[in-house]
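Heads up, the next two complexes both have chain A, just with different partners, chain B and then chain C.
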Partner chain A sequence: MDAREIYGLLVQKFPEGILEFKENLLDPAIEVKPQALIDVAFFLKAEQGLEFDYLRCLSGVDLKDQLEVVYQLHSIAKGHDLVIKVKAAAGDPVIPSVSGIWKTANWHEREAFDLLGINFQGHDDLRRILLPEDWIGHPLKKDYVPQPEYHGITPDRPDGLDAIPIGEGGEQPRPPIQYLPAMHGPKDEPEGKLFHLNMGPHHPSTHGVLNFMLNTDGEVLSRVVPEVGYLHRGMEKLAENLQYSGNMPYTDRIDYLGSMFCNHGWAMAIERLLNIEVPKRAEYCRVIVDELNRIASHLIATGSMAMDVGAFTPFTHWLRERETINDIMEMICGARLTYNYMRIGGVSRDISPAVVEKTLAWLDHFDIIMEEFDRLISENQIFIKRLAEIAVISAEDAIDYGLSGPNLRASGVDFDIRRDEPYSVYPELDFDVITGKAWKGSLGDCYDRYYCRMDEMRQSVRILRQALKAMPEGDIRAKVPKTIKPDPNEVYSRVESARGELGYYVVSDGSPKPYRAKYRTGSFTSMSIIEHLSPGLMVADLVALIASFDVVAPEVDR
Partner chain B sequence: MSEDGDKKISSSPKYIIPPNIIPGAAVATTTDHFINWFRYSSIWYMLFATACCGIELMQTGGPRTDLDRFGSVFRTSPRQSDLLLVAGTITYKMADRVRLLYAQMPLPKYVIAMGSCATCGGLFTQSYSVVNGVDKIIPVDMYLPGCPPRPEALNHAIIKLQEWMRREHWADKIRKA
Partner chain C sequence: MDRWDGGDMKELAEWVIRDLFSKNPDTWQYTWAIYLAGMALAAVICLGFVAVFAGPVTWVERRTAGRIMSRIGPNRVGPQGVLQWLADGIKNLLKEDLIPDDADKPLFRLAPYLVFSGMFGTFVVLPFGANLIAADLDIGVLYLMAVTTLVVVGLLTAGWASNSKWALYGGIRSAAQLVSYEVPIAFALLVVVISTGSLSTQAIIKAQGGWPWQWFVAKNPFTFIAFFLLLTSAMAEGNRIPFDLPEAESELVAGYNTEYSGMRFLFFLFEEWANLWIMGAITTLCFLGGWQIPGVSPEKISASSGWTFVGWQLLSFAIFAAKVSWIVFIVIQARWTLPRLRVDQLMSTCWKYLVPMTLVCIAGVLFMDLYIVQGGITDKIIRWIMTLLGAAVIVLFFLRARYNYKMDKDKYPGLRNEKMWYPPYRMP
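Coming up: the complex of A and B.
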């Protein structure tokens, strides 16, 4: 069903609550009155034929005199999309919370509260999520003034290199060590019975700087509250002060294990805004580097999963394979990790025959290694016992909490953006979408999430073989104006990254810089389910659960 | 040892292993060289990977570059580490934790600021929530530029640190801190 038909339905049902249909936007949006939002949202989710069960993204936008919240909805069953908008006055922005309808909204609303100060009425845990609790102000507001100092740290750098003392350590004045007060544990638990424990922010199993506040009764967890934001670098605010093409290197750092996807998503968003057709060869180049990157990312994911549950050797095997991918990437774009390869309208360099040859040779080698890895770890009894039947996620929960990518598919939901909302040249390539099959335990357990990634690597190898063969000759970049100035519009573009749906919501106001850029990342959205899953797990199972989600800290915090 | 002790110790090792080791033979060396030999041959670094540089840190510990060759293995606890490798961006929210981790390390301790973010804020200098260089919160011994630095660069930094440690007067290093 397209947006106009849904608008007709909604006007019929809620004549008072619907304000406007914005048809001239690239993704047509329906504006709803804040008072009617809950009813409309409930109707959209429950009504036969609509069934919007998946909230992709929730973004706040500061329109100076008003604050706007944009909901990107999707229906997994029906395969259609819808954009809902709600506006509130800037002075006292109050918008009803939809976290009771889509669980995904819980963390996204907290983020909008943190960065924009929007007060979501009815939200049961509206705290800051990315910034520390004693932070002043809401950074994504247009009139935000940064603090001159925070806990004695100032942002200025001394002028010139000479001013930085370089020596054999210990000569600089040492700041006083401040011991932190005990972290606040999850509240509403009876005192004395449970043990409060902080896992992180520096912990080898949390994959970067994530903090988990645990309430444990012996080894058994009664509650886990993830605390994120230790790597919040303010990328969305930085994007607002950069030209469209200048933001490309920053997107690399959103997800350092999958920089190509981040490049790809950003390029796609701006190309849609500008209505640019990308040359065929460039699209093939993009798919090739995407799939290489997917293998590299899944190598780290599966390898570190093995490491987290106690097997160090598989990880070093995968690091060895990853070095070859790094070499290939270096041949393609000159970088090992943060590629900055794609350009708006194409890619920066062509893929040479030498690269094709090297990649094909490596793929043949990789097939053998995959078998070896299966023998080494996938069939290992200890490994299976640590993962099978642990933290089972049902398909309904997975959709409700907005999981995406391999985490969603492991629960049996057959949804892959590469196939269901095709972009680039994926429709021309033949590949299977891997869903969980309860390989060793029940559907949607940690082992399924592990093995989905293993099988996806095999599919990536398939895609790579086809793409390398089918790559046509031609240009690698479309003609793009030197200064990119899209017309005022807004766009939501998504790609299937190794960690699920990576979405860019970009608002353009006609100037050379984006007015607002929101990054919807798979890790941030999937982290919120951990609190729901954790009661009854053992502490060691939590490590397996975090590893099976394959979260990357900067993708959570941006 | 006198104040100009550092000058007297040359960088070449003074312990000599005789070609045919005779059982019961003695080896003559200075205490500094003897202690430094252990120290620089087993720099245990703390796995403090906050962002992108952490992946290159892992690759450096991986099979190709293999930091283990230099006796450097990763530790996950600050109590067992000699070297804090700050691999990645430090934000204001994280700053207090970095101080705490540094304070928990035993003496003598060293810090390498790996990558542009830890050195000076790097790409994120203009951000409202990023500490512009980890030297604003803890003392730094070595700055390693790059975004992220290659494993070879990190390897070079470790070798360089070994050279420094070889020349140090160990007792001073403890007292100074």
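Coming up: the complex of A and C.
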């Protein structure tokens, strides 16, 4: 069903609640009154034929006199999309919370509250999420003024190095370090025999700087509260201050294990805004580097998963394989980790025949190594015992919490953006979408999430072989104006990254800089389900669970 | 002057008093001094041996791990990195000895020594060769079980005194694990004790022979199983993967030694690697015939004299060391191959599988000893069958390794032309 039909239905059902149908937007949106939002949302989710069960993204936008919340909805069953908008006055931005309808909204709304100060009524836990509790102001508001200092940290040091005394005079007396009291904590303090434990921010298996606050009874967890934001760099704020093409290298840093996807998503979003046709060869280049990057990222995911359950050897074997991918990437774009390869309208460099030859040779080698790896660890009984039947996520829960990518598919949900909302040249390529098959335990357990990634690598190899053969000759960049100034519009583009759906919601106001850019990442949503899953798990299972989500901390915090 | 034919350090001391000082050891007033000197000598020799074993074995382990993990490993200090352990030791000695502010300082300082003495105490009854043993105690095996318990106390102390929750987790885990796994170890050792009729470690070895079919592992099916049970439990007792839960780095940061640094930290590692020898030595002396030289009976060694006697001692030591090294190598390989068990799986492995199985082994050995005459034809047939079975296990291992090796080589013709053997593929 397309947006106009749904609009017709909604107007019939809620004549008072629906305000406007914005058809001229790239993704047509329906504006809803705040008072009617809950009813409309419930209707959209529950009504036969609509079944919008999946909230992809929830973004707040500061329109200066008003604050706007944009809901990107998707129906896994019906395969259609819808955009809903709600506006509230800037003075007292109150919008009802939809976290009771889509559980994934819980964290998204906390983020919108944190960065824009939108007050979601009915939200059960509206705390800051990315910024510290004692931060003043909401940075993504257009009238935000940075604090001059935060606990003694100033943004600039006017005297520069001259302020630091050299040599004589001995050691300068320093003010004693003041430890801050723990700012957040589980709402209920542990009682009786419960034990409170902070796993992180520095811990070997949190995959970056993350904190998990655990209440445990011996080894058994009774509650886990993930605490994120340690790596928050304000990337969305940065994007607002950069030109469209200038933001490309910054997107690399969203997800350092999958920079190509971040590049790709950003490029696609701006190309849709500008209505640029990308040359065929450039699209093939993009798919090739995407799939290489997917393999590299899954190598780290599966390898570190084995390492987190105690087996070191698989990880180094995978690092050895990843090294070749890094070499190939270096040949393609000169960088090994943060690629900055794509450009708006194409890619920066062509893929040479030498790269094609080397990649094909490596793929032959990799086929064998995949089998060897299966014999090494996938079939290991201890490994299976540690992962099978652990943290089982049902398909309903996975959709409700907005999991995406391999994490969603492992629960048996057959949804892959590459196939279901095709972009680039994926429709021309033949590949299977891997879903969990309860290989060793029940559907949606940690082993399924592990093996989904293993099988996805095989599919990526298939795609790469086809793409390397089918790559046509031609340009690698479309004609793009020097200064990119899209017409006022807004767009939501998504790519299937190694960690799930990577969405870019970009609002342009006709200036050379984006008015608002929101990044929706797979790790952020998968972190939000951990609190729901954790009761009853053991400490060692939590480690396996975090590893099975393949969380990358910068992607959570952006 | 008589020849010294004694078994252990006490007899050596008595021989010195009798023959060098021509005094009666029971009445001479300086007997205690000679005894003390003997004990000190034994301690110094054992300590030297532990240091010289535990150091290089870290290098062996790291190089083996490197090979398994398709990387190189330490190869810079000395030829092929053999002196890496000395460099590590010196570095750790020079490092600052950090003690957390809120730690229980006396206990924090004490813990590494408790762990170390628990480990080192076992060397009293571990034989190195035919007559090379610090003290051939009548209660050797019992002493072994008792003194290793000190390690648990040390680990728990370290975990508690650190005043860190992760260290406490490690300490509690190690207490639960080590106490549990002492049960199957004790039962598996009981199988041997029943077969021997003595608790003395030397008596256990002398009850076996030099050839594989004379070893306890091949005595009957139950001792054969008990061997594997003992090896598994010993790995758990030594905190080796797949049983390294007390220091599971991906879960507990570093477990009980999280807060330790410098030399104190080194003591824990020292204990860990020396434990490898203990693990191997106990398995070897109980099931693999200890230092027995094939074709040479212990009586013949005792009857020899002069350089022949010294030669037999050295040969017996070499045989013992070779067997122990083999076990150590298996344990190292297991560490770099297997993932780690979860704590409840660890406990159920112990109490649901290992303990009942060892109990069955005890019952089986009692039954076999009652009804099968030692040296009779049935006994000989059983021993031969078990020996062949053991050989089959080893052959199977190599066939399996060859299968994995060939499987890749056949599929990828490019690999056949490689000069290097298996792990480092030439990257395309």
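In this text, the second predicted complex is superposed on the first by the 527 of 558 C-alpha atoms of A that agree within 3 Å, B and C clash if a C-alpha of one lies under 4 Å from a C-alpha of the other, contacts with A are read in each partner's own complex, and residues count from 1 in each chain.
Just so we're on the same page, contacts are C-beta pairs under 8 Å (C-beta built on N, C-alpha and C of every residue); 3 or more make two chains touch, one makes a residue touch a chain.
Values in this document were obtained by computation on a predicted structure and should not be read as measured data.
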| item | value |
| --- | --- |
| First, second, both or neither for A:Gly229, with chain B first and chain C second | first |
| Partner chain in contact with A:Ala311 - chain B first, chain C second, else both or neither | second |
| Superposed model, chain A: greater residue contact from chain B or chain C | B |
| Partner chain in contact with A:Ala540 - chain B first, chain C second, else both or neither | second |
| Touching partner for A:Ile153 - first (chain B), second (chain C), both, neither | first |
| Chain B versus chain C as contact partner of A:Lys385, first or second or both or neither | second |
| Partner chain(s) touched by A:Ala361 [first = chain B, second = chain C, both, neither] | second |
| Partner chain(s) touched by A:Leu9 [first = chain B, second = chain C, both, neither] | neither |
| Partner chain(s) touched by A:Phe195 [first = chain B, second = chain C, both, neither] | second |
| Partner chain(s) touched by A:Lys237 [first = chain B, second = chain C, both, neither] | first |
| Footprint overlap on chain A, comparing chain B with chain C | 203-204, 316, 320, 323 |
| In the complex with chain A, residue positions of chain C that touch it | 65, 68-71, 165, 169, 241-242, 244, 248-253, 336-345, 404, 407-408, 411-412, 414, 425, 427-428 |
| Touching residues on chain A, where the partner in the complex is chain B | 131-132, 139, 144, 146-147, 150-151, 153-157, 164, 166-172, 174-175, 177-180, 201-204, 208-209, 229-235, 237-238, 241, 249-250, 253, 256-257, 300, 316, 319-320, 322-323, 326, 336-338, 553-554 |
| Touching residues on chain A, where the partner in the complex is chain C | 195, 197-198, 203-205, 219, 306-313, 316-317, 320, 323-324, 327, 358, 361-362, 364-365, 368, 371-372, 375-377, 380, 382-383, 385-386, 538-541, 543 |
| Sites on chain B touched by chain A in the complex | 47-52, 54-56, 58-59, 62-64, 76, 88-89, 91-97, 99-101, 103, 110-111, 120-121, 123-133, 135-141, 143, 147-148, 150, 164, 168, 173, 176-177 |
